[in-house]
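Below are two complexes that have chain A in common, paired first with chain B and then with chain C.
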Partner chain A sequence: MSEDTLKIFINGVLNYFQHTSDKDVKVGAPYLVENRDPTCFDYTGIIGVSGPYKGTVYFTAPKILLTHLLLSLGEQDTSNENIMDIVGEVANTISGNARSEFGQEFMISVPVMIEGDGSKIQLPEQLRSYVIPIYWKAYSAAVVICLENV
Partner chain B sequence: MFDTLMGKYRNIVVSIALFLLLDASVLTLNFYISFEIADDAVGVNLSGRQRMLSQRMVKSLHDIQYSAGDEQARQRALDELDLTQRLFSSTLNAFDQGGEAIGADGSEVVLEAANSSAARLAIVEAKEIWQPYSTLINAVLNADGELALNQALMPALAYARANNLALLKLMNNLTVELEHVATSKATRLRWIQTVGITLAIINFLIILVHFLGQLRESDKQIESARKETTEILETVGEGLFLLDKERIISSQYSRALETMFVRKELGGLSLEALLESMVSDKDLRTAQRFIALLFREDIKSNLIGDLNPLKEIEVNISDNQGHYLTKYFSFTFERVYDDGKIKDILVTVVDVSEKVRLERELALSKEQNERQIEVLTSILHANPDLLKLYLKQVEEAADDVNTILREPSKGHVALKRKLDQIFVAIHRIKGEASALNLESFEELTHEFELNIKDVHGKDNITGDDFLPLVVRLEKLVKHTESVQVLTAKLGAFSSGAKAPARSESISSDWHHLEDLLNKSSLRCGKQVQLFTSGLSEVPMSKELSGLLSDFAIQGIRNAVAHGIETPSEREQLNKDIEGKIELRLSQSSKGELEFVVKDDGGGIDIDRIREKAAELGIASETELESWSAKRLTSLIFEPGFSTAAEHTMDAGTGAGMDLLRQRVNAMRGRIRIASRSGHGTKISVFLPAPAAVSEAA
Partner chain C sequence: MLKLMIVDDSNIIRRKIERSADAARFDVVGMARNGAEAVAMLKRTDAEVVTMDLTMPEMDGIECVERITAIKPETRILVVSALSDVETGILALEKGARGFLCKPFSSEQLNDALGELVEGIDV
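Let's look at the complex of A and B:
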């Protein structure tokens, strides 16, 4: 995995936050995590990647961050449904960015949204994931990247 | 097309043609005979009129006789006679010779000459009677004056009386005969119609029975063929389907296709619609072009067979859970000809995932073997026990680095601190790698340090900047894991070399220091000799021996990189070309340990330290001028402080001394540095008695 590959996914998220009223989004120092214990906040948008790299990339965030994100986009309705939608939108932006950056050899799936614990995020247990913390306002979310170079 | 139809449906076509022919013949005969019958009816009608005319002529003759004195009545009777005579005569002639006659309605009709023998006999006999009768009547009609009329009338009347009945009978015979002829024709017509219709019905029944049977039979065959096809398509393990020119999948395809693509109702779907989102756009477009080529008549299929881009294609099927199921399919394409033209393409899809998986595993294990051999050659020379210890250290260091990375911190200062901490952890394992002569680890950690340096130099450090570090970290972890796997595999490492309790001293492995010295001096272009004393005489814990070993490593590296001059410099200074480094371990009567690393190099360059300190902004130049040599020397223990011009494997990172001081402090020890310009440096570490150390710990 190269630094540039990681950047493509991170930029996807940063691009999304550029549309909000508070554009001050920061990337934290990345770290590794064992897949047996995936990093997960309240809501997660997952995309599958296949091609020269295979695996999963997901954006996970706490409810409070997403609620504020909705409000900052002018959406007053912060129902569960809308929160799920916004996670999906972030994941979609990641996926769109990856699609345009990686080009034709890659396949990027439509995002899948999940709520709650990370048991539904299936990652190959023998591998590690890269966790890139994303700080926005007083909250933190993360982009988690688990790709195998096959 | 027509030929095939004729071939297949020949019998039915012939039968239907026969049916039509029969119908047409009956119809034609019907027409013909009915016209004849119509003619005969005219004949019967006119011959019947002959009977009436014969009687009217007799009546007219009598009317003439009895109309004496009544001129008008006579004239009427004469006119009547004239008319009847002419009608009778012309009609009789027409019956005899054939020709025109006046019909019942006054119009002209054409009669055929009567040709039956009975009719002919009646006509001949009638003519014989009529000839004189006609002459006599003409005489009456032509008589001029009363007298002449009476003279002509008498013989005519006499002849009429004598022959009237005979003539009437003959005309009657003629009528009856003509009626017979007509009746027999009608009877014939009925027969023909009956036979014709009967034949047509028989023909129809044959068609019905025979061909319905045939149809039923062929339906049965088609049904059974269809059933067989369905059974084949249901059970065959490959994906089979036909593809038309528009690349649409046929309505019939094998069930395996649905299983393979995890999708139902594929018939009517285009190949693109099936494959998109499963294969990359690039592969999809290549496949489209290839299939287009297959449909071109001017291209031989065996010429383009090798171009098949779907021979072994990776298909990624989304499970709608954000994951892809990767399979490998092999597509083969066969042209299907109809009438010499390419009609469809028969596509066979085989799931070759298992084969590809095995191939990959084989390639991977080969690659792994090669890598393992590489790793093996790089670690074989190492002491197994030390190696294991080292791997554990790396593992711990990597964990530490990851923990440091994980600590949430946003600002530049906090991130810079993080960087320093990471550096310390990596630098330590780099030194050890160098000492153990583990080149792969040395390289990895060296590159890691370079990355850290790059980030350190930035004005505003952000989380992004740590990306290359985390990538490096993963590399390091992976490499460590692979070496661990290898050492675990090599039983000798765990059982055979059960480290003879490491004799509780560093004596048994002090040769690794020699290796380090040789490598460092070679890299720096210097010649250095190592002298050791007392290293094997003091029993100590692993922790202590680890610290002393690290200290020795750092001391040797510093001495080679900074202290000892190059051979040419030493020659100019009238020193031995070969520099000396001395390692000495001694224990005082109170048990305190003293470990000394001493070299005969140029000593610590105080001016260089001052310069560097000014450069790093530790203090202003004027302030530094007032600093004592001791204070300036102590700067070498500051994190990130190095006087080396550039960062090499042996010097320039400035974290080694800092780390050592921390560890010595932790063991309640102290460090002393003594240096004489031009004569060398001596670094001493004083540590409490080993027992006291463990208590302190």
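Let's look at the complex of A and C:
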């Protein structure tokens, strides 16, 4: 995956958090990881990708970050249902925004949300993923990209 | 007041639009989680203005725009979606939508887009 491709997703992250009440988001240097043990926080929103790229993009974050994110969007109901909703919505928004660069052939699924450990995240073991670290308020999260050219 | 229906599979987004839409101009008469619910709700609520997500389960937003336009062509539909490519925007407009707002959005951006959407309608 090229640096330009990663930048598309980094810009998506920056754009998303700049629409919250606390715009001060930082993105760390992306790094590669093996897929055997996927990067995972408390909640994860997973998007399946098809078209010229095939694979998975997911956003994963701790509950405390997602709770603050809901509040920063003006949502007072921080129930588990809404936590699951927002983690999927962030994944959907970052992936959907990438179509401004990739075009309509970059097909994305509706988000699948999971709570808990990364054993439910299925990634092809022969590939590696890029992790984009996100720092917002005092919390860490990540966007993980596992895409291959078809 | 204009009757507004909000269509999005995300409860967070539905509630954000409900909170943000100018209460002096819009009366939220229904909120639907997918296109199929929206088509059924349109008949019940007689909504005049619709905000429409695109990526949804069961019936996606493009099909729903087409169905609503066929049932009630005068409905003003604002697509509110993360799908930010030009082709999708054009397709939505071809199917009957009258505006496009990209997620994420601010309350000001939403009300600007809704204002343009209903320009010329006597309230």
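Keep this in mind: the second predicted complex is superposed on the first by the 150 of 150 C-alpha atoms of A that agree within 3 Å, B and C clash if a C-alpha of one lies under 4 Å from a C-alpha of the other, contacts with A are read in each partner's own complex, and residues count from 1 in each chain.
Note that a contact is a pair of C-beta atoms (placed from the backbone, for glycine too) under 8 Å apart; a residue touches a chain by one contact, two chains touch by 3 or more.
The model shown is predicted, which means the values in this text are computed figures rather than measured ones.
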Joint occupancy of chain A by chain B and chain C, clash or fit: fit
Contacts of A:N15 with chain B and chain C, given as first, second, both or neither: second
Three-chain overlay, vertex chain A: chain B-chain C angle, C-alpha, nearest 10 degrees: 60
First, second, both or neither for A:T93, with chain B first and chain C second: second
Contacts of A:G118 with chain B and chain C, given as first, second, both or neither: neither
First, second, both or neither for A:I132, with chain B first and chain C second: first
Most chain A residues touched (candidates chain B, chain C): B
Which superposed partner A:Q104 touches (first chain B, second chain C, both, neither): both
Partner chain in contact with A:N82 - chain B first, chain C second, else both or neither: second
Which of chain B and chain C A:P62 touches, first, second, both or neither: neither
CA minimum distance (chain B, chain C), superposed complexes, angstrom: 8
Chain A residues contacted in one complex by chain B, in the other by chain C: 104, 106, 109-110
Chain A partner contacts - residues on chain B that touch it in the complex: 277-282, 314, 316, 318, 320-324, 326, 360, 402, 405-406, 408-410, 415, 418, 462-464, 466-468, 470-471, 473-474, 477
In the complex, chain C residues that touch chain A: 9-13, 15-16, 19, 55-57, 81-88, 91, 102-106
Sites on chain A touched by chain C in the complex: 15-16, 19, 70, 73-75, 77, 81-82, 85-86, 88-89, 92-97, 99-100, 102-104, 106, 108-110
Partner chain B, residues of chain A touching it in the complex: 1-3, 6-7, 10, 26-32, 46-51, 54, 56, 58, 104-107, 109-112, 120-122, 128, 130, 132-133, 135, 140, 150
